[in-house]
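Chain IDs A, B, C, D and E follow the sequence of writing; residue 1 opens each chain.
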Amino acid sequence: MPSLLFYLLALITLGFGFMVVTGRNPVTCALSLAASFVGLAALFLSLDAYFIATIQILVYAGAVMVLFLFIIMLLDIKAEEGKKLNLPAIVSGVLLAVLLTLQIFAVVSGTGLAGKSPENTPLALTEAAGKIGKAALPTITNDLKAGTLPDAKLIGFTLFDQYGFHLQVVGLLLLVGTIGVVVLSKRERSAP
Amino acid sequence: MSVLEIIIALPLLAALAIWLGAPAHATSLGATLLNLLIVLVTTVQYAGKAATGLAFTYSRPILDNPSLSFAVGADGVSLILALLTTLVMLAAIWQIQDRPAIFYVSSLLIGGGALGAFLTTDVFFIYAFHELALIPTFLMIALHGRAEPAQRKAVAWKATIYLGAGSLVLLAGLAWVVLEFSGGSKLTFDLEALRNQAKLTPLADAKQAQIFFVLLLGFGSLVSLFPFHSWAAPAYATAPTPVAMLHSGVLKKFGLYGLIRIALPLLPQGPHVEWVQNALLLMLLGNILVMGLVTIHAHRLDDTLANSSVMHMGYIFLGIAAGSDIALKGAVVLMFAHGISIALLFGLCGRMRNQLGTLEYNKLGGLATHAPAFTVLFAFGAFASIGLPGLTNFAGEVMIFVGSFTDFKAGVMSNLQWTVILALWGVVMSAVYMLRAYRNIFHGSPTTGLFMIDPAFSQRVPFIMLATTLLVTGCCPWLLLNLMKSAL
Amino acid sequence: MSVFTIEAGLAFLGLVLLLVEAFKPDICRRTLGLMAIAGTALALVLFVFAKHDTASLPGFMQPWHQLDTLALFYKGFALVITILVLWLTLECAPYLTRFTVDGKLAEMFSLPLIVCAGMMWMASARDLVTVFVSLELVTVSFYVLVAFARKSAFSLEAGVKYLILGALSTGVLVYGIAWIYGATGTMSFDGIAKALANPATNKTAALFGAAILLCGLGFKVAAAPFHMWVPDVYQGAPTPVTAFLSVGSKAAGFVVLTRALDAFLVENSIIGTEIQSLLLVAGSLTALLGSLPAMFQTSVKRLLAYSSISHAGYLLLALACRESPRFDLSSGGVVAFYLATYLPMTVLGFLGLGLMRANGLGEDIKDFAGLAKRNPLLALLMTVSFASLAGLPLTAGFLGKLFVFLGLADHGYWGALSCAIIAAATGFYYYFKTVLAMFTTEGTDAPALKLSSATRAVAGLLAVAILVLGVYPKPLQKLLKPASATMAARN
Amino acid sequence: MITLGHYLVVSGMLFALGLAGVIARRNIIIVYMCLEMMLSAANLALVGFSRFHLVHGLPDYTAQSLVFFTITVAAAEVAVGLAIIVALFRSKQSVDVESVTKLQG
Amino acid sequence: MPASIILLLPFFSALVILLGHRQLKGAAVLISVGSSIIAFLASLVFLATDDDNKLLLPFIDVAHFHAGIDVLIDKQSRGMMFIVSFIGMLVHIFSLGYMKDDEAKPRFFGALSLFMFSMTGIVLAGNLIMMFIFWELVGLSSYLLIGHWYQKASAAEACKKAFLTNRIGDFGFMIGILLLLGANAGNVNLLDLKTAFESGPLRPEAPGYSAGFTTVAALCIFLGAVGKSAQFPLHVWLPDAMEGPTPVSALIHAATMVAAGVYMLVRVSFLVAASPLAAEIIAGIGCITALMAALMATQQNDIKRVLAYSTLSQLGYMVMAVGAVAMAAKHGHGPEAPDPGHPAMFHLYTHAFFKAMLFLGSGAVIYACHHEQDIWKMGGLRKHMPVTFYTFAIGTAALMGFPWLTSGFYSKEAVLDAAFNSGWRVLFIGGAVTAALTAFYMTRLLIVAFMGKPRTDSAHHAQEAPMVMILPLTILAIFSIFSAWDGFANSLQALKPSHINAPGEGHTVLIASLIALIAGAGGAIFLYRGKDKDPVSIKLFANKFYFDEIYAVIVRVCQDRVAWIVTALERVFVDGIIARLPSAIVARLGAATRMLQGGHLQGYTFLLGGGVIAVIYLVVFVLPRMGN
């Protein structure tokens, strides 16, 4: 992948992220977040994670952001303009962010992991077709043999073959979330 | 099932029964009296056995590894202390009048805890029972202490924190002991097993000294070893009478018992390593001389008694520091003696406070005229703590002093022996403050102080019992010594 | 019947109860509660008699679920605490309903069942994915439960704080998982252990990942410096939820922590010493930061929250002491033992608090004044509970602390031991401050406090459990013994 | 050449950025957005690692499964979280972090 | 057998009276007097028993430390026993009359029995521990008896003072015992100690012998005697002890208990002999006490106080004799080895009779004068109380050492002889001057109290004492005269030195003492005849050299002030550093940690984030470098 594109995408992600953090208007923030997530999704794409990129857009940039915007609108939250900024909080926030970034820099530069790149660790699709063996579905092996990465199929296969239990738990979790939302935002039927 | 288990359980069960609604006075008195009889019979049995080691042992395993069991067993030392406990308990409970049930319950719990601590042979339970006995002590000081609520709470807190911290240091020391002496395969809390291991593979002297010092600090702060004593005087001065009697008389002996029972057998060289010995000697001199002077300065009877009780601990520590067989036995005798005498004094002191409302020396005087029996009883306690021969304290003290001079080379005095000389001056000081108290309270014209008459005979019985004990064991200390035939 | 069936059934029962409430809105909340309790109790009974080997699980579960003693113990633990929390909810219902929407409590009976299932799954987790999903199931449920009494400003505030901080910790946790995965290339504990025992594994990345992961888990167990949410949330949440959080959630967190540490501190682990030092530091700090501020609390509930922090500190210290050859309990065993003793005393404490509230009293220490006169039994039971929390001998709390202290001393961690001792000494102060208040005679004009016989029975049972565990812990130790054995084998 | 390191640094910076936002912002909704950002940053790291941890020459899909779960869970969390925030707003007419400072000490 | 009767009978008498004095009432008196009579009879039997050293009762018996109630029966103890039981019996009988009207008679007689028990114990003690036990017990009985009229503040203070002063002496005594015990392997049996010092491990030739040790031990033991026998500087209690009833003064504070110190010193004379320095100090202290007390006595107006100072002075004599004999032995002037006689013991023996008689006589006077004790308020009693007067005069003569006729003369000669032979001439001169002073103040007393005209009504109406009081006086008067006779003294085993009738050095001693007697008595007659008030006034003597005042200052400064300071320091430092400082630190820490829980979400998130960064820093960047 061209470096330039990576830097562009990183800039989009981090830049809009920065706007989320600094934006005074919640709506701006929400929209910036959506934009940042789109950039992130593109980074996922550059990492050959097409399915993840898709649901990042669908779920995050789509559903979650809509939810945020909806709530912001619903509550009619004003911008923080009139409010004083909490200067110590800002300073400490920035300080911690800088420190954390420095630490991550140090860790990344200190590990051998950092050297891996798409160029020196290419996907080996056709060999994989042989190695995956019979366990996988034929459609996956066929795609692999054809030299395309059946990303969604592979994730789906992993999820439903191995992580069936987890899926159910997550399903339960979503249900709990639903119940929670109902419980927490339900209006009182009878005034006391 | 061992008879010792009954002895431990009886007061605790009685306490429970009272909490659940049994008549407090009758139940507690009956249980204590019965317990005293059982202990007496057991003691006589033990003396008759001519056995020297542990007797009446019984063990109920609780954990395999770490090996922990509810094990009871008694030798002469524990029986002497059990006897002390039951005697003081009986007196303390007997003298309670017109008080809520919690007085009885707490007395039974303190006594029961003390009995448990003295009669179990598992380090864990020895520690545990003592803690059990401490709680009611705190509660009673805080709730029914003889001071303004805020002040008595402060006093109770001071004691609580001191003793709590001391207990934790002690716990650390005990843990260390258990770890060092358990042998390679598994941890054990069984004192006998630990002792055997200590005999088998004694530690290096330097290490013994370290562990001993930790134990000394832990046990010491429970016994108000100088400079960890400042909880004791206000606590005793404030505590309700039965609690003051039981804690100063009995429970405080736990720390000393622990040193004699746990620290010394496991770490025989501990107190003799130079730095530990010097530290101990300095501390006990603090008890004797500093606290002696502080006691002289006291202006109230409860202050005098409370501080004197702190002071006298110095002598018992001296016995432990000396470490010879005679001195240790002397220390045990003195523990018994001090327990009885201070309980007697606190009991009388409480009665005086009830009747007179004050214990300030300058408001008292001439009580002997109208309360002669009371005076005589007080004299027993006072002269016992002065160390008058014929009362038990003397036997203990003289044995401690003698025991400190067993390895004396003519012309060369060791630090220990110099300490004894200074400690002897403390005997003079205790005469000073005790006689001053006696003079101020009982002597003089009856018109100079408040009026008080002798309590009814039935209320004198517990004190007569204690005084008699002092006299009998004072004239015949061999009665106690016969229980400790083997070397400690 | 397999264990998994019971767990799934429990979750299902939660849903059924929701449906029951939905379709029969006028159902008596007591019935609902008793149904939940009965269901959980049934689950407990079934669990005891269920097959306890991995082979009995459905095939798709087998790679993700382990049924070693530790897991089984915690599953039972989760069931017991759930039953108690449900009971506590019933006890607290009279005042809780004043703060809930329409005075309904249905979700307070159904969500705990789901939480219980989540905790049981956490106990068996063999990999980080399972940990993550079940942990989140529990956490999200707790977001709801904490804010459940939302008409109370406290409950709502607690909910917001728990939400923000919980979500933050989730982010940290996932980031940590990512790095651990990056460093070891696997998410299963066994794989991580294997990779960490391999010197070729990148140490810095592994350390970084492990550190962040432990931060995330540390939040769940209230380890310093991630404990700051605990006092506020515990104080604000409805009392049953607080009890659930402080016992159930914390226990679940410790299970996962035990599993993770078993992997991180595997023999010859490249990050072993660092993580161990971290645990010692964090444990000491937690014990102190829990104990010191607790001295000044006036609210008993908040005090219990701080106490729960300091208990977490002791537990962390227990985890830091790995193999104790002269001990039948491994660190995991000690933690399990400690938690088992911690359960009855904490629940009893909260039960007392709940009963006070249910009788129209406050949660402050001063509200406890004269309790001994108003209800001697309750005062006695509370005293037992607090004595055990303080770690007084002959109560369960003492044994737990003793094992921890012994372990520390055995390994020669004197610094940590002194911190723990200072914390415990401070503990004496604040626990007995409360006990003292109960026995003071001033201000006892308040009316006598009546307890139903069922309440008395439950509270009495808990107190008896504290005392029995304190003097006869052998069965419990036996129960936990194979756990340590298997872990020793794995280590 | 773009390496895993680059992705990790971007993920780390996004994470740090989110953290800064969480600490600095007063509007709870925005705080919550920043939290989502942090979660996404973690996801980026996961995906990055999974891409370069080849199993049979393919990215490691177990890690991507976790990402999937994370996103799902995040969605549920957002739902519940926003519900709580709504409840807070209803009771306090504010979503400022300073409106929840009653519990302290 | 007689030994145990003599020892235990009074004990049981005391016990019975303690337990049942309310019920017994008058019977208590009879029990006590009866027991004293039986004890006296037993002591007569006892005189004929053989030497013995046996364990009577066990006390402490641990390891190599054996301290039982074991009696050492030899000439010294038999003789002393006779004195004690005899005078004890007489005092009991006298008290029947003297204490007739006292409400607390049972208490008095109980304490008297206790005293008899304790004193017997001292006399019979076969080892030093037992000696110490009874040593303390006589202290107790003395305390009880001095404080018999405790309602009087002066009596209450006096008994306290007596006990405490004795305690200081006992402090030294105990140290001495411990030193000997340590040096002699736990054995403080008197016979064994004697062997040890004379031929055992403590003899001067033995390896490791330390002269300093012997001296220190001897002096420590001597300190016990200083307290009990009221030697300078611990003499202050004895005059105050006269607050007690007069029979008590006679028995305890004149005849027996105060002599116990001397008796004890004689018992351990081997120890004194072993250390020349100690012997010199002992003799010196004795001489100082004798002289000083005699000087004080010249200016006292209280009849009992005159006698008390006289007692002090005579005790000083005896102590001086102990030291002098040991010194003389070193110069080769000692008695022949087998002679058990000791001038100190002999003087003790004679003194006991005449001093007891004098006290009882003064008691009779006080009784007759309605408890008037000031001699200047008496006068002319000779006519009203002739028997008392004559007996008193006999006692005075004996005390002055009226030559050849009285027992006092012989014993005093023996003491002066020992002093003369000691090698320190100053001892002898001191003794002679004391003799003169003794003659002076006793003559003064006799003249002022008995001669002339009655000066007050009470003296005017004085009547002769009743029979129970006269009888003991008479008996004692007889003894005051005859007790030094060989037949008497030897059969009573009085330890009369064998060379007593042959003073050496050309009668120097005899002449000196005669001169002293004449000078003293003559001076007194010259000064006091027919006077109604004291013509001489020497403040220093009257105020007892200001000892009480000095001691009061010492007590106030060294004890009370120091106690105050120590108490304050203890509060501030010990309590402050050990208790309040840590708790303050913890409290401060607690308050500080509480600040972390400010309730602000931003603060919490900051802490959480900061915590993560700190943990990362610690784990990733610090710990791996520490190389642990």
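Just so it is clear, a contact is a pair of C-beta atoms (placed from the backbone, for glycine too) under 8 Å apart; a residue touches a chain by one contact, two chains touch by 3 or more.
Computed from a predicted structure; not experimentally measured.
Of all chains, E has its CA centroid at the greatest distance from the CA centroid of chain D.
Farthest from chain B, judged by the mean position of CA atoms in each chain, is A.
The greatest number of inter-chain C-beta pairs in contact is found between A-D. If each chain is reduced to the average of its C-alpha atoms, the one that sits nearest the average of all protein C-alpha atoms is B.
The centroid of the Cα atoms in chain C and the matching centroid in chain D are 26 Å apart.
One simple way to say how far apart two chains are is to compare their mean CA positions; for chain B and chain C this gives 42 Å.
Distance from the chain A centre to the chain E centre is 102 Å, each centre being the mean of its Cα atoms. Between chain C and chain E the centroid-to-centroid distance comes to 76 Å (mean Cα coordinates, whole Å).
Residue positions 129, 133, 136, 140, 143-144, 147, 150, 159-161, 164, 168, 172, 182, 204, 208, 231-232, 293, 296 of chain C each touch two or more of the other chains.
Residue positions of chain D touching 2 or more other chains, listed in rising order: 8, 15, 18-19, 22-24, 26, 28, 31-32, 43, 48-50, 62, 65, 69, 73, 76-77, 80, 84-85, 87, 97-98, 100-105. With touch defined as above, residues shared between interfaces to two or more other chains in chain E number as follows: 594, 597, 599, 601-602, 605-606, 609-610, 612, 616, 620. Contact between chains, using the touch rule, shows up for A-C, A-D, A-E, B-C, B-E, C-D, C-E, D-E.
Across the interface of their complex, chain E is touched by residues 158, 161-162, 226-231, 286, 290-291, 293-294, 296-297, 324-326, 329, 366, 368-369, 376, 383, 388-390, 394-395, 398-399, 401-411, 417, 420-421, 424-425, 427-428, 431-432, 435-436, 439, 442-446, 476-478, 481, 487 of chain B.
Residues 160-161, 164-165, 168-169, 172, 203-204, 207-208, 210-212, 214-215, 218-219, 224-226, 228-229, 231-232, 273-275, 277-278, 281-282, 288-289, 292-296, 422, 426 of chain C are the ones touching chain E in the complex.
Against chain E, the residues of chain D that register as touching in their complex are 19, 22-24, 26, 28, 31, 97-98, 100-105. Those residues of chain A that touch chain C in the shared complex are 107, 110-113, 162-166, 169-170, 172-173, 175-177, 179-180, 183-184, 186-190, 192. Interface residues of chain E facing chain B in the complex, by the touch rule stated above, are 18, 58-65, 67, 129, 132-134, 136-137, 140, 147, 150-153, 155-157, 159-160, 163-164, 167-168, 170-171, 174-175, 178-179, 181-183, 186, 202, 208-210, 212-213, 559-560, 562-564, 566-567, 570, 574-575, 577-579, 583.
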